[in-house]
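In the two complexes below, chain A is the common chain; its partner is chain B in one and chain C in the other.
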Partner chain A sequence: MLRYVLLRTVGGLVTLLLISVLVFASTEVLPGNAASSILGREGTPEKVKLLKERLGLDRPAPVRYADWLEGAVRFDFGESLVQGTGLSGSGAVTGTPISEIVAPRLAKTAVLAAVTLAVLIPLSLLIGVATGLTRGSIGDGVTQVGLLVLISLPEFVLGAILVLLFGLVWAVLPAVSLGGSATELVLPVATIVGVCIAFTSRFIRSGVSEVASSDHVAMARMKGLPESRVIRKHILPNALGPALQSFALVTAYLAGGVVVVEYLFSYPGIGQGLVAAISGRDVPAIQAYTLLIAVVYVTANLVADLITIALNPRLRASYAH
Partner chain B sequence: MIPTSTDSQRRRHRARGRRRLSIGAWIGFALAVTVIAVAMLGPFFAPHDPAEFAGAPFAPPGPDHPLGLDYIGRDALSRFLWGGRTAIVLALLGTLLGVTVGVTAGTLAAYLRGPVEGAFNRTTEVLLSLPGLILILLFLGAFGTSLTVVVLAIGLVNSLPVSRIARGTALGVREQPYVEIATARGERRWYVVLREMLPNMAGPIAVDAGLRFTGSVIAVASVSFLGLGLQPPAADWGLIISENRSGMVLQPWVVLLPIFALGTLTVGVNLFMDGVRRRSPTYEKTDLVEATRV
Partner chain C sequence: MVRDDEPGSALTRRQLVERAGAAGLVLGLPAGALTAIPSAFGARSTNGTLRSQLDWGPTSTIDPQGPATAANDVMRNSNVFERLLTADRSGKKLIGVLARSIEPNKGANVWTLTLRRGIEWQDGTPFTADDVVYSLKRIANNKAMEGHANLQMVKGTAIRKLSKYVVQVPLKYPYSDFPHQLADRMILMVKDGTTDFTKTLNGTGPFKYVSHNDREIVLEKNDNYWQPGLPKLNSIIGLNIPDPTAQLNALKSRRVDLVPLLSPSNAALVKRDSRLKTVLSEAGSWSPIVMDTSKPPFNNKDVRMAIRLIADRPAIRLAAQAGLGALGNDLFGRLDPLYASDLPQRKQDLERAQFLLRRAGALDQTFTLETGNVNQGAVEMCVALSQQAKKIGVKIVPKVNPSDSYWSAQYMKAPFFVSGFANRSLMQQYLLVMYPGAPYNETQWRNGRTNKLFAQAMRTVNTGKRRQLLHDVQEILWQEGGYLIWGFQANVAGALKTVKGLVPDANGPAMWYDWKTLSA
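This part shows the complex of A and B:
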């Protein structure tokens, strides 16, 4: 078991390394980008060449990659090509350090993710357990259809619908979130929860219904235990496993899913940052955001995998060799 | 009589799981087809030029403009009717690209095995370690935000799951007697792949292609929504929602129809896919496919 965990973790690190190569290679494949985007309209071929030398862009790619990676591990992604650019006294080109731009956005997205999970977890447990116990009933059927609709909708469609509902029909909440006060987190969180709830509650529902029809639960009921006790002591603990799995997967989804939601609500997180970086062609920023998102995604998937193995003794045995 | 993959074998492959689809699945199918029809035929019914300025921004619905005007005074209904076509066409291109590349790569990997298969596995694994939209955004960030790049990026992202399915199916088909016999007969490799293997893989790939297509439509809409795909003054449902969202509360009609169209498309496809998966004897109750998520 432990061996598997180690193997899998190393595998994850290798994957991240390969992703970093991918990110670097694709954004640096046109090295003229960086220099010409700094100089903009004033970029004559000689000036661009000179700037490239100054920025060290004429060094061979593997050297630049190693440099970049080494910085990335320290959370130093260089300087922005777009924000705060100018020439310093000594003639060096400067821009706002990427880490300064990214760090507050990362914090904002982390808050969004945390609040989303805080709402999602109890809600999905509630729905998952309720529908799992009443599987096949009309209530369950209706809920499933509703959930299917929710999960089918693209994030920005659901978000826009919520804005219309709560901004227009009930005129209660602000349509744009600045991440300042609690009410401004409501719509983005509601959107993401809406998209994910179907996934998580279905996971839990299947785990619950499996247990609910198992022998030892039947035994407990035959012993005359009150239903609430049966739920608490026998069913819920077995719902935790699939629940944890699904929440890890949701975290993975969040890494990429926040992009559209943050953009829709103008929420200043890393998702919105990535979109701005792309439109502004801020290459170091694009690299930073993409790498960060990849780290979260790969790690969360890894955790989900490990939870799955931990829960499934059968799988564990087959990996023991 | 030298056995080749006979008609009876093909019929048997397809006949598996022939139980009837639920009514929900057919409703879903009908919804999806309707939206696509509206997207493709809409421009013929548009009352006005989608780029023509007809009045004040966010004007409410009136006699000439049943849905009012958008954020710079263009007819909302006309823009909606024009707004689906480009996305559908781009999505179609992206899906065709993805399916072609995916099937080629997956089949070759399964047929050649060895180091080719290994390299294939590694590459798809790494590429699948990023969320689809992020991979597309990375492409756009690296190569610019032209429509060509959008189609190529969507094609790439589509090719990954397709290639996995292709490889899986091909591995199964590869073991069939008709493949062995064709090879023993001395048939060239490409013949074996093309005439013996591919026709028997068509089923699952075709079903998946439908999903890929819908996902691609959403991907184009999402990317346009983010301002990185179709640019103003183009009419695209994603772009329309994005550029009018500041005035959504004032004039909801502009965004309402694109929202409704995109939502109906995705819900319809998912209903259909849910119905299709229910028929399969291996229907996993926990296996919720977010069919249209890139």
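This part shows the complex of A and C:
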């Protein structure tokens, strides 16, 4: 078991390392000249030369990569090229440190993701278990149709509908989420939950209904155990494996997929930050955001794998040696 | 009435949701929804605070003399700091701000500024010639920052103080239009010796800087401001709302009082809402279609004229900017008093266009027009032109390029492409795009006659004589130039009806973010 955890963690780290190479290469090495692509219309040869010096582009790429990675580990991604630029007393151009731009946005996205999960997990468990146990009933049918409608709406459509109804027509909730206060979280959270709920609850539903029709559950019922105990002790633990996988996938989706939702509600998280960084050609910021999203993605999958194994005695045994 | 941002109530709501979330309950949603109801229906008491949507843009600067392009930077700069001179709301007349007057010598190469007395910096120290000398030198000597404030004609080392309130500015070459250069919105005065703008900002402007990050900016009233009775607002809060739909939602739900620059479709929607109002400003910024006069087929002036005659300008304006803004006559500098407004407005003349193209042997040619979503309406205007050309069988094919690489890959490389400029005076713009050494000579203009006339105008202080010289320049450009300038932009600001003092301003969106006379 311990050996597997170690192996899996090392695997995750190697994946991250490879991603970091890709991120660095695609943003700095591949397009030929980062400086002229950053400057665009302003790119006179003199200015390209000055910016190249500021970026340190004269040094070989592997050296720059090593420096960058070493900084990234310490959450130091260098200075922004376009945010908060000013002229220091010595005449050099300075920018806001990337960590100062990214950190508050990361916190905002973490809040959005945490609240979303806190709503999504109990809600999808509730729906998944209820429909899994009553599979084929009218209630199940109606719920499934509703969920399919939700899952077929892209987040910007669902979000726009929610804003229109709750933000403008009935005007009971803020239509934009600028500061991320509690009420401002409601609509973005509802949008993401709406998009994800069909996926997670259907995952749980099929797990539950499969387990519910298995022999050991039939045995437990025949023993005369109360239904609540059957669900808690015999169905849920076995159905939780696939459920956890689905929650891990949702968490990974949240890291990158909230971009659209954040933009729609003007929520000041990493999604909005990434959009701004790309349109400003702020290479260090793009690198930081992409790497952070990758970290969340890899970590979420790793944690889900480990929990799945920990929860399932058969898997636990097979990885024990 | 409970306000949405009241710290006490927000805390309670947050606690509620946090507890609900921690307990793993689904209560978070109804809890938040219920407590929101009173605030949403309450009439917001503003207490003299203006909340405005602002564009944060892809770039930002903390340096008041840095390359401020995003609205949040422009707003902060124009309210905390001040210029020596500025254009009035019509954009046509210069008025003194920190300077009382500006006088050239006979050769137009040494200018003398007389400053207003009795003005104080926000830290309480007096504003004097030393500050102006320091500020102008800092701008003139700055070569490191891209797109920063520009005084390229100033002899940086030779600026000097003549007395406590008089400054002499020698130029590298005669330049009769120097006051317009000084009135640029980036030529802001900073206090003598300031090198660090990261912690505090010390200006002479109507508002003091409180805080700023990439989501929100806060300014508060400067009680010691030198213009009596101003500013009228107690504070300004700027909020980062990039998406046009979210901007409209924020305005309609009264989350903001003002959206300085509405998209054309939003402008139409705001106009229909009885609680909101729009303010239209005819501006001087323009998005031309550019023909490179050094490359075939556009090295033939008949071809250039034919393309200009194909254009149905009102139809292009309708496609590109919802019919708003002034029509163009293939000349820039519309707001300049020396603009040749007497030249007849060019109209579509397909017959003549066909004749000219036939004479040039270019009737069957395919003209590839490089464009992209680089300016508002940049693609639409090309499509409209292409449709109009079809009527006489001329093939103009718009090619839509990715906007992020357009400026480095197509711009000024292809012979037929789109561009865009902010409002500038005639002479500033000519220096930028035509005079020898111009950094953006998009049309590859190498006309000895106009350059000679222009050089003469640069030396001519007398306005009447200068008008004649520049009129001759414009007449040649009107006949032979490489620009198709079909129109100038208009800006539409949207606001709650409670916002007072919002008037049209040709210089830029929402009174060019100079908000000392606004009240809310």
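Criterion: the second predicted complex is superposed on the first by the 273 of 321 C-alpha atoms of A that agree within 3 Å, B and C clash if a C-alpha of one lies under 4 Å from a C-alpha of the other, contacts with A are read in each partner's own complex, and residues count from 1 in each chain.
Rule of thumb we're sticking to: a contact is a pair of C-beta atoms (placed from the backbone, for glycine too) under 8 Å apart; a residue touches a chain by one contact, two chains touch by 3 or more.
Worth saying up front: this structure is predicted, and the values here are computed from it rather than measured.
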item	value
Side-by-side fit of chain B and chain C on chain A, or clash	clash
Which of chain B and chain C A:A239 touches, first, second, both or neither	neither
Chain B versus chain C as contact partner of A:V275, first or second or both or neither	both
Partner chain in contact with A:I309 - chain B first, chain C second, else both or neither	neither
Touching partner for A:I286 - first (chain B), second (chain C), both, neither	first
Partner chain(s) touched by A:P122 [first = chain B, second = chain C, both, neither]	second
A:V186 touches, of chain B and chain C: first, second, both or neither?	second
Chain B versus chain C as contact partner of A:A160, first or second or both or neither	both
First, second, both or neither for A:L112, with chain B first and chain C second	neither
First, second, both or neither for A:L168, with chain B first and chain C second	both
Superposed model, chain B segment overlapping chain C, candidates 8-16, 134-142, 242-250 or 278-286	242-250
Set intersection of chain A contacts, chain C complex versus chain B complex	160, 163, 167-168, 171, 175, 263-264, 275, 278-279, 281
Chain C - residues contacting chain A, complex	4-5, 10, 13-14, 16-17, 20-22, 24-26, 28-29, 32-33, 35-37, 39-41, 56-63, 65-67, 138, 142-148, 195-198, 213-216, 239-243, 245-246, 249-250, 252-253, 255, 404-408, 411, 439
Touching residues on chain A, where the partner in the complex is chain B	15-16, 18-19, 22-23, 26-27, 29-30, 145, 148-149, 151-157, 160-161, 163-164, 167-168, 171, 175, 198-199, 202-203, 205-207, 209, 242, 252-253, 255-257, 259-260, 263-264, 274-275, 277-279, 281, 283, 286, 290, 293-294, 297-298, 301
Chain A-touching residues of chain B, taken from the complex the two chains share	24, 122, 125-127, 129-134, 137-143, 145, 218, 221-222, 225-228, 238, 241-242, 245, 248-249, 252, 255-256, 259, 262-263, 266-267, 269-271, 274, 285-286, 288, 290-292
Touching residues (chain side chain A, partner chain C) in the complex	36-37, 39-44, 47, 50-51, 82-89, 91-93, 96, 101, 104-105, 114-115, 118-119, 121-123, 126, 160, 163, 167-168, 171-176, 178-179, 181-183, 185-186, 189-190, 263-266, 268, 272-273, 275-276, 278-282
